[in-house]
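Some structures to go through are shown next.
Here come two complexes built around chain A, the first alongside chain B, the second alongside chain C.
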Partner chain A sequence: MIAAHLPVLQIVVPLVAAPFCLLLRRGTWAWILSSIVCLAALVIAATLLSQVLESGPISYELGGWAPPWGIEYRVDVLNAFLLLIVSATGAIVLPYARRSVAHEIPESQHGGFYTALLLCFTGLLGVAITGDAFNLFVFLEISSLSSYVLIAMGRDRRALTAAFQYLVMGTIGATFIVIGIGLLYMATGTLNMADLGARLPAVGANRTVLAAFAFLTVGATLKLALFPLHFWLPNAYAYAPSVVTAFLAATATKVSIYILLRFFFTIFGPTFAAEDITLQRLVVPLAVIAVLVCSTVAIFQSNVKRMLAYSSIAQIGYMMIGIGFDTVTGLTAGIVHLFNHAATKGGLFLALGCVVLRIGSCQLDDLAGLGRRMPLTMFSFVLGGLSLIGVPLTAGFVSKWYLVQAAIEQDNWLVAVAILVGSLLAIIYVWRVVEVAYLRPAPEGTPAGGIEAPWSMLVPTWILIGASIYFGIETSLNVGVASAAARFLLGVAG
Partner chain B sequence: MMDIPGLYNYWIVIVLMMTGFYVVIARGNLVKKIVGLNIFQTSVFILYITMGKVEGGTAPIVVEGADVIYSNPLPHVLILTAIVVGIATTALGLALIVRIKEAYGTVEEDEIFAKDESA
Partner chain C sequence: MVRRHFILRVTTKLLMPFILMFALYVQFHGDFGPGGGFQAGVIFGAGFILYALIYGVEAAEQVARPWLIRIVMAFGLLLYLGVGYLGMVLGGEFLDYNVLSSSPVGGQHLGITLVEFGVGTTVAATMITVFFSFAGRMRRRSQPEQ
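For the complex of A and B:
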């Protein structure tokens, strides 16, 4: 009985729990409630993924209205995988949140904080699960509005301007997406994404459809921070509370990439993207520039959080290179990297959150000598850094391996070289942190002895970092699901 | 293509959209940015409302026994949701501006940047 309603429970449980967090007022109770909800969401997502892998896509009719008239929740391999990423991040980040939030956010705002976090969580899951284009926009706005609130809760006053800048850019992006959806509705008279995909070939590539494609692409790339539309991201990540940075870095941009994948492959179809638009000429150059430029900019940052934010934009570039290739290998690489990067970057930002808890800063110079004082935290940072670079036996290596393969398949040696250069640049910015933390002595007058972060924060950090190592060695889950999703999107049997 | 009066609504949409977009980009005053964003969103509301209109169609309320053409109510319903989203965005943006004003003492973008630079 309940099993049949899992798709809608995935959304309804966190959505209903969110206002209760506000009513509970006391931070601890709100935290307990949201932890339980995120765990429940993880269980649901895992069940959905195993069901989909076993018996194919699940369609859920909201309120019993049959699609394409009613809103449909449609779970296939790709979005079941994404639901798992989002809910796992939520479930891992929440145990961590307690100490970190108590440290960074005033007590009176805790209820509001968990409400916003759960709403953001709901929105991201909703974007992933819905099969209706307009519903997607609504969920996108739920997640975006709550993430503006979350970012504005940062301690630094620059968090406010960062949140405002993100609000303006995010709203423009979302409005572009609505315009695109409206134009598609004009052309086809339907909002169901699978139905849109079925009807568009008959309409052909007329001017309305092309304009819709342009609006949807620009809107989604604004949201996922593809170079050169990334200006909101570094400040938003740098000044948001540590928990929020880790959560958003692991989920928000990934969900936006998913939106783009849906638009490109489910609605417009792989041949439209390849032949009428020549996606490759459009996306791949921008993505390559993102990798090179933002990796270079990351080297010159003095704030480690900001450095990782620029590195995120570069990593998004890698994913977009894979997607831009429009081949099974390329898409597999993009989707695998989406997963691997969520684990790696989430873990890195959590490790930084531990540092902020103990020394109250994430300026590079303040990290001097931390390798001795916080050995477990800094070692997890090093391992995460290795995965970011793409050293063998880490998850980062697996995705880059597939990406280089995809580039070579296309005889695109320039891109393959760019990917390797990007990794070399990553070595430099990760090394800067390692050098300061391990080779530079702690400043005069710092008390001796360790200041290791509490277990409640170390364990989630190590789970994510551990995942980014584990999935570099045992690749059957991430690569297996990603290639199944890639073949599904491209409509290739197998 | 020459049907400019017939496409009157769409021309208004484009003019409003570009006006709003320009204000968002070109103005340094945060409140004006929000106003621009609002105009930009409003143009999309009009776009949706316009596409729901069926020529010769009446309001979509069932008329017994008569053979009536109805306008399409779906885009209108959709845009109700988008209006709510727009209000939430505006409210949140203005709330952020209040906090920014408290923290920086100004709502001019260049002055805020200058204060961050010197800090």
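For the complex of A and C:
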């Protein structure tokens, strides 16, 4: 009986835990509850993915109202993969959260913190699972509003302005999305995404539909921080609590990319985006600029968290290059990178959280000598950095390999070169950290001896970093599912 | 607080029961006419906010205790989700009201009433909390740092 309700349980299990966390004033209990719930969500997501791979898309009618009138939860290969990414991140980050949150957030706010984290988690899962365009907007707002709160809880007072900046930009993005959805509703009279996809070809590319496409594209690219709409991201990531940065970096932008994929391929259809709008001419140049400019900017950052934030924008550029190509190889590369980057960047931010716990700072200069004092943490950072660069035998290499292949398939050598240049730039910014941590001696007067992070934080960090190595060697899960999703989106058989 | 504004104080006291009653009307008549949980919650919360504006936040907090408001806030969402889960347990889909009662029509009535009541309580509690946190900020600032 439970098996039939899995799609909705994916959402309402974390959702029902959120108010309980609000009631449990004690942080420890809220933490235990959230951890259990995130693990349960991971189990559900894994089950859903295996069901979808076995027997095709699953549909769930909320309240017994049949689609397209009622709200439908629709799980296919693409969003089952997304659900797995989001819930796995939650399940790995939450065990880590206890020590880090105790260190960075006042005791009285712990209940509220876990409530907001669970709401954000629910919202992101909801965006991924729903088959209804308006419901998608509602879940997007749930996740966004709670992430503004989470970012504002950072210790630094600048976290407040960062959260406010994100709030303004995020709200503009969400408003654009809802305007786009409204225009589509006007043109077709339906909100169900599969139904929209079926009805839009008959309507044709009239002005309403084109305006809807423009609003949806700009709104989604604002949320996913595609260059030049990325200005909210560096501050938000740099000043948020470590746990929040790791969680959002691994999930929030990825879910926004999913929104874009859904709009482009399920609602408008692959040919609309490619032929009528010439997506490639619009998205690929911006994505290439994102890779080159933001990788360069990352080199000049003095705060390591900010550096990784700029690197995230560059990595989003890689994903968008793949999506912009609009071919099976390109889309596979984009979706694989979405997965690989979630593991890599999540792991890197968790490693930085360990550093913040021990030395209370993530300024580059303060990291001097940490290679000896926190060997395990810094080594995980180095491995994550290698994956960011795209060294063979890491996950980053796999996605860049597919991306370069996709570029060469299109005879687009400029893009292929840009991808390689981006990797070279990544070597520079990762090396700066390695140099300071390993080659520079610790400042005078620091007590000798190790200050390694506690196991409860090291293990989650190493799980994510380990995943970013593992999925570079054994690629059947990430590449296999991603290419299935790409073929599904493009409507190619096999 | 506002000792001198006699008219405001008396009018507020006179209006309070009508505001709260109107909120409940909007709440429970939402099943048949315009209205519903969200609007009702806002009106109900507005009653408390008016009282706090005139008589001060401390006076309003005598009734709307922060710990109580916190529970009410969580209760509304839990009621909503509880109805959803109940539909699932009774053999329907999540939020399926048909199975809540012996007849589908009765079930729909019961379901929507409970769910809207959940929405109403959470919205009212949230409105009050938002106002109290902003008003309380001024109060905290005037006191010396603890």
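The definition used in the following text is that the second predicted complex is superposed on the first by the 494 of 494 C-alpha atoms of A that agree within 3 Å, B and C clash if a C-alpha of one lies under 4 Å from a C-alpha of the other, contacts with A are read in each partner's own complex, and residues count from 1 in each chain.
Everything that follows uses one rule, which is that contacts are C-beta pairs under 8 Å (C-beta built on N, C-alpha and C of every residue); 3 or more make two chains touch, one makes a residue touch a chain.
What you see is a predicted model, and the numbers here were worked out from it, not measured in a lab.
*Asks:* For A:Ala163 in the superposed arrangement: first (chain B), second (chain C), both or neither?
*Replies:* It touches chain B, and chain C stays clear.
*Asks:* Now for A:Ala46: first (chain B), second (chain C), both, or neither, which partner does it touch?
*Replies:* neither
*Asks:* According to the stated criteria, A:Thr175 is in contact with first (chain B), second (chain C), both, or neither; which is it?
*Replies:* The answer is first: A:Thr175 touches chain B but not chain C.
*Asks:* Return first, second, both or neither, reflecting whether A:Ala18 touches chain B, chain C, both chains, or no partner chain.
*Replies:* After superposition on chain A, A:Ala18 lies in contact with chain C alone.
*Asks:* Counting only touches as set out at the top, which of chain B and chain C does A:His5 meet: first, second, both, neither?
*Replies:* second
*Asks:* Considering only the touch criterion stated at the top, classify A:Gly63 as touching first (chain B), second (chain C), both, or neither.
*Replies:* second
*Asks:* If you stack the two complexes on chain A, which partner ends up touching A:Ile427: first (chain B), second (chain C), both, or neither?
*Replies:* A:Ile427 contacts neither chain B nor chain C.
*Asks:* Do chain B and chain C land on any of the same chain A residues, and which?
*Replies:* none
*Asks:* Where on chain C is chain A touching in the complex?
*Replies:* Within the complex, chain C touches chain A at residues 70-71, 73-75, 77-78, 81, 84-85, 87-88, 92-98.
*Asks:* Going by the contact rule set out above, which residues of chain A touch chain C in the complex?
*Replies:* Residues 5, 8, 12, 15-16, 18-20, 22-23, 60-64 of chain A touch chain C in their complex.
*Asks:* Going by the contact rule set out above, which residues of chain A touch chain B in the complex?
*Replies:* 134, 137-138, 141, 145, 148-149, 152, 157-158, 160-161, 163-164, 167-168, 171-172, 174-175, 178-179, 182, 185-186
*Asks:* Can you check the complex and tell me which residues of chain B touch chain A?
*Replies:* So the residues of chain B in touch with chain A come to 21, 24, 30, 33, 37, 40-41, 44, 47-48, 51, 75, 78, 81-82, 85, 88-89, 92-93, 96-97, 99-100, 103-104, 112, 116.
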